[in-house]
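Below are two complexes that have subunit A in common, paired first with subunit B and then with subunit C.
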Partner chain A sequence: MLLIRNLHAGYGDVPVLWGVDLKVEHGDIACLVGSNGAGKTTLLRALSGLLPPNSGSIVFEGRELAGAEPERILGAGIAHVPEGRRLFSAMSVRDNLLMGAYLRRDGAHAIGRDLERMYGLFPILRERQAQDAGTLSGGEQQMCAVARGLMSAPRLLVIDELSLGLAPAVVDQLCDALRRLNQEGLTLLVVEQDVATALELAQHAFVMDTGRVTRSGSSETLRNDPAIREAYLGAI
Partner chain B sequence: MPTGVDAYWLRLGTTMLMYGVLAMSWNFIGGMAGYPSFASAAFFGLGAYAGAVAQKYGLPMVVAWSLAGAVAALFAAALGFALLRLRGHYFAIASLVVAEVLREIVNSATNLTGGGMGLNIPVPQMASIADQARFFYYAMLGVAVLAFGAVLVTQRSRLGFGLRCIQQNESAADMLGVNTTLYKVNAFILSGVFVGVAGAVYASWVHYIEPPDVFDVLYSIKPIVMVLLGGAGTLFGPLIGAALFLSLEELVWRNYLSVHTGVLGLLIVLLVLFLPKGILAFRLRRT
Partner chain C sequence: MLTFQILANGLVLGGLYACIASGFSLVWGVLNVINILHGSIIVLGGYLAFFAHAKLGIHPFLSILVAAPLFYAAGYVLQRTLINRMIAAPVLLTLSLTFGLDLMAQNGMLLAFTADFRTLIIEPPLGVLALGPVVIPIDRLLAMLLALALTGLLYLLLSRSRIGRAVVAVRMDREAAALMGVSVKRIYAVTFGLGAMMAGVSGTLLAMIYPISPLTGTVYLGKAFVVCVLGGLGSVPGAMVGGIALGIVESFGALWFGPENAATLSFLLLIVVLLVKPTGLLGRKGYE
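On to the complex of A and B.
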């Protein structure tokens, strides 16, 4: 579904990605793990069009998207839930969700139905729908951000730092919701610093280090990989 | 309303409407999109000179005013594509120097603009001075109505919604598919076009313009104070702010003539400290 090949990107003269290769299959939950500065967020920024890559290709459902504008990428079916939520804090939860549907042209009816679906997925958002998004707790904000991403009716949802700063119970709740979405046919690519959580959620995982994908495979394989255990899970 | 009232009030009313146009215009870029533009004086001066020069070459007054609006809009579009890549203070400073640059250009283009000697604008043929004053009052009212209409339409459109998102979180807006560059440039054009027309009307109204007059940096600063006073990003905030500001200017400052810029500075500081969302915030803070 998503095939990234030999992607190079960086900021100004500073290269960050040194030839990233990554493949996400349709119907998969894939996760991307790696330490700080490995290039995870940069890869996601390149994927969503916020940072034009220097070279390489990003093919999504047969369409080349490297260097395309964010709107085109979103239109192609890739939605991005950014690190740190990035909600419109002075706008209501409901307006934030509707903003997610900004590019859609399939009418108010379909958008209203999806809004209801989001409230079904995260019931707390229904209670909070008239509140300013800035007044939500961290977990609620993350739910709002995920729901906002979903409102564009994507086929691939990309989430940056899913669990960062959230209580474990909230992380579990989010993971449950993501699994449910996955069962309904959504493909997910999740960036996660907490490797244990990531490997539990995902079927496939990619490990990034200094701007490259250094290891990949099924979560099961990686969980038993001694090098991964030592570097990220704490070898016992 | 203007019939039968004396010239002072008519003049004040015209100024009030002009301030209203400046404030509503700044609201597009500063209030809605959140880009602190100091380019109002540039649009005002450019419009004033465009209108004046057009009339010097014999164009009818109203045509000259429209032309001034078009020139200001084109200028804003070109400027926007260059400047709106900057954010925050950098954008503010870059937009601030535009008026200075234009003033220097107008100063040196003596053949076209009269340079430092200024430019006389033909006085419209009308029965009396009072008729003229009334005419310019209605002209400025027309510009204000147009600007208000544009605010109304924008606020209810996708553009307005998108601009509010840009103001709150530009990268998130980008990510959700808002064409941020295009939207910001549109906001900048809207913030320029009516100011340009107002500048041209002003030039015709006062019959004589010179660079330090129409490129005065206060034309950049006053609209910001007015909008902050009234409530940034709101529909009526800029108008309320303009009325309030003009009242202050008339009632208080005339009594402190020598220190009135000091009072302006103090007012900005007090505003930012105690009323960052403007007068209208009182009403909105119910919940």
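On to the complex of A and C.
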């Protein structure tokens, strides 16, 4: 579904990605783990068009998207939930969700139905719909950010730092919701610092280190990989 | 009783100030551009109303129907072709750009219209509304109500429509807005177009009250500046509250300290607000 090949990107003269290869299959939950500064966020920014890559290719459902504008990439079916949620804080929760549907042309009726779906997925958002998004708790904000991403009706949802700063109970709730969405046919790529959570959620995992994907495989394999256990899971 | 008359005058003035400032505030808030050209666009709106009335006999209220789309289109094109090229530059550079454009506009108008003051006189006037001892010319009252209504429409457009929400989203977080599929450059052009439209229509309304001359734009620009810092940057309700507050303060200031000190008073008020509540009267978190 998504095939990234030999992707190079960086900020000004500072290269961050040194030839990333990554492949996500349709219907998969894939996770991307790695330490701070490994280039996970940069990879997602290049994928969603915020940062034009220097070279390499990003093919999604047969279409080449490297270097395209964010607008086109979202239109192609990839939605990006950015690090730090980046909600429109002085806008209501409902308006934030409607912003997610900005590019959709399938009419108010279909958008309204998806709004209801989001309120079904995260009932707290229905209660908070008229409130400014900035007044939500961290967990509620992440739910709102995920729901906003979903409102574009994507086929691939990319989430940066799903659990950062959230209580474990909220992380469980979010993971349950993501699993349910995945069963309904959504493909997911999740960046996660908490490797244990990531490997539990995902079927496939990619490990990034200094701008490259250094290891990949099924979550099961990586969980039992001694190097991964030592570096990320705290086992000896 | 004089108090009520002054209050009424202040409200009429304030409604027009709100209209002047709403577009300036929007452009400043969303684009981070201090649009020095704003005053000259107001004057151009005045000339449009003046000539439409003098040559074609069209009432200024009707010229709005032409002025609004015309100024919107001009603003859109100006942003798309010129200002967008510098939009990422520091605020002082875009300020220099609009300052230069303003000099060109002023001198262009001097060349085209001469420096003469022109007055648009509606004959016959619509008469006056007398509420006891308070007397308000109906022309002015209607101009003020229309100005407030247009400002209100701008507010509705921003808060209720898809494109309006995109403008607000770009103002709050342009990168997140881009992730929603918003074309930020297009929204910049829409925003500048809306700002120019508000300036142009307030110019047509002001032409009914004040004489028109190419260099009067600077005065309006000063008002817009004060109102928008007073009310809170980038919010339309802020411009409304700030505009009416300034209108009332100026009217009473003129009464108590003489008309020559009214402008000084309004800038003093500005300094006080900046000291006490730097976000403005209606400043909100997330809008700073």
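Throughout what follows, the second predicted complex is superposed on the first by the 235 of 236 C-alpha atoms of A that agree within 3 Å, B and C clash if a C-alpha of one lies under 4 Å from a C-alpha of the other, contacts with A are read in each partner's own complex, and residues count from 1 in each chain.
Following the convention adopted for this analysis, a contact is a pair of C-beta atoms (placed from the backbone, for glycine too) under 8 Å apart; a residue touches a chain by one contact, two chains touch by 3 or more.
Remember, it's a predicted structure, so these values are computed and weren't measured experimentally.
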After aligning the two structures on subunit A, examine subunit B and subunit C and state clash or fit. clash
Examine A:Leu103 and indicate which partner it touches, taking first as subunit B and second as subunit C; both and neither are also allowed. both
Report for A:Pro70: first if it touches subunit B alone, second if subunit C alone, otherwise both or neither. both
Which parts of subunit A are touched by subunit B and by subunit C alike? 48, 50, 69-71, 74-75, 80, 82, 86-91, 99-100, 102-103, 148, 152
Interface with subunit A, subunit C side, in the complex: residues 162, 165-166, 168-169, 172-173, 175-183, 284-287
Could you list, by residue number, the parts of subunit A that touch subunit C in their complex? 48-50, 69-71, 74-75, 79-80, 82, 86-91, 95, 98-100, 102-103, 132, 134, 148, 152
Applying the document's contact rule, which stretches of subunit A touch subunit B when the two form their complex? 48, 50, 69-71, 74-75, 80, 82, 86-91, 99-100, 102-103, 148, 152
Going by the contact rule at the top, pick out the subunit B residues touching subunit A in the complex. 158, 161-162, 164-165, 168-169, 171-179
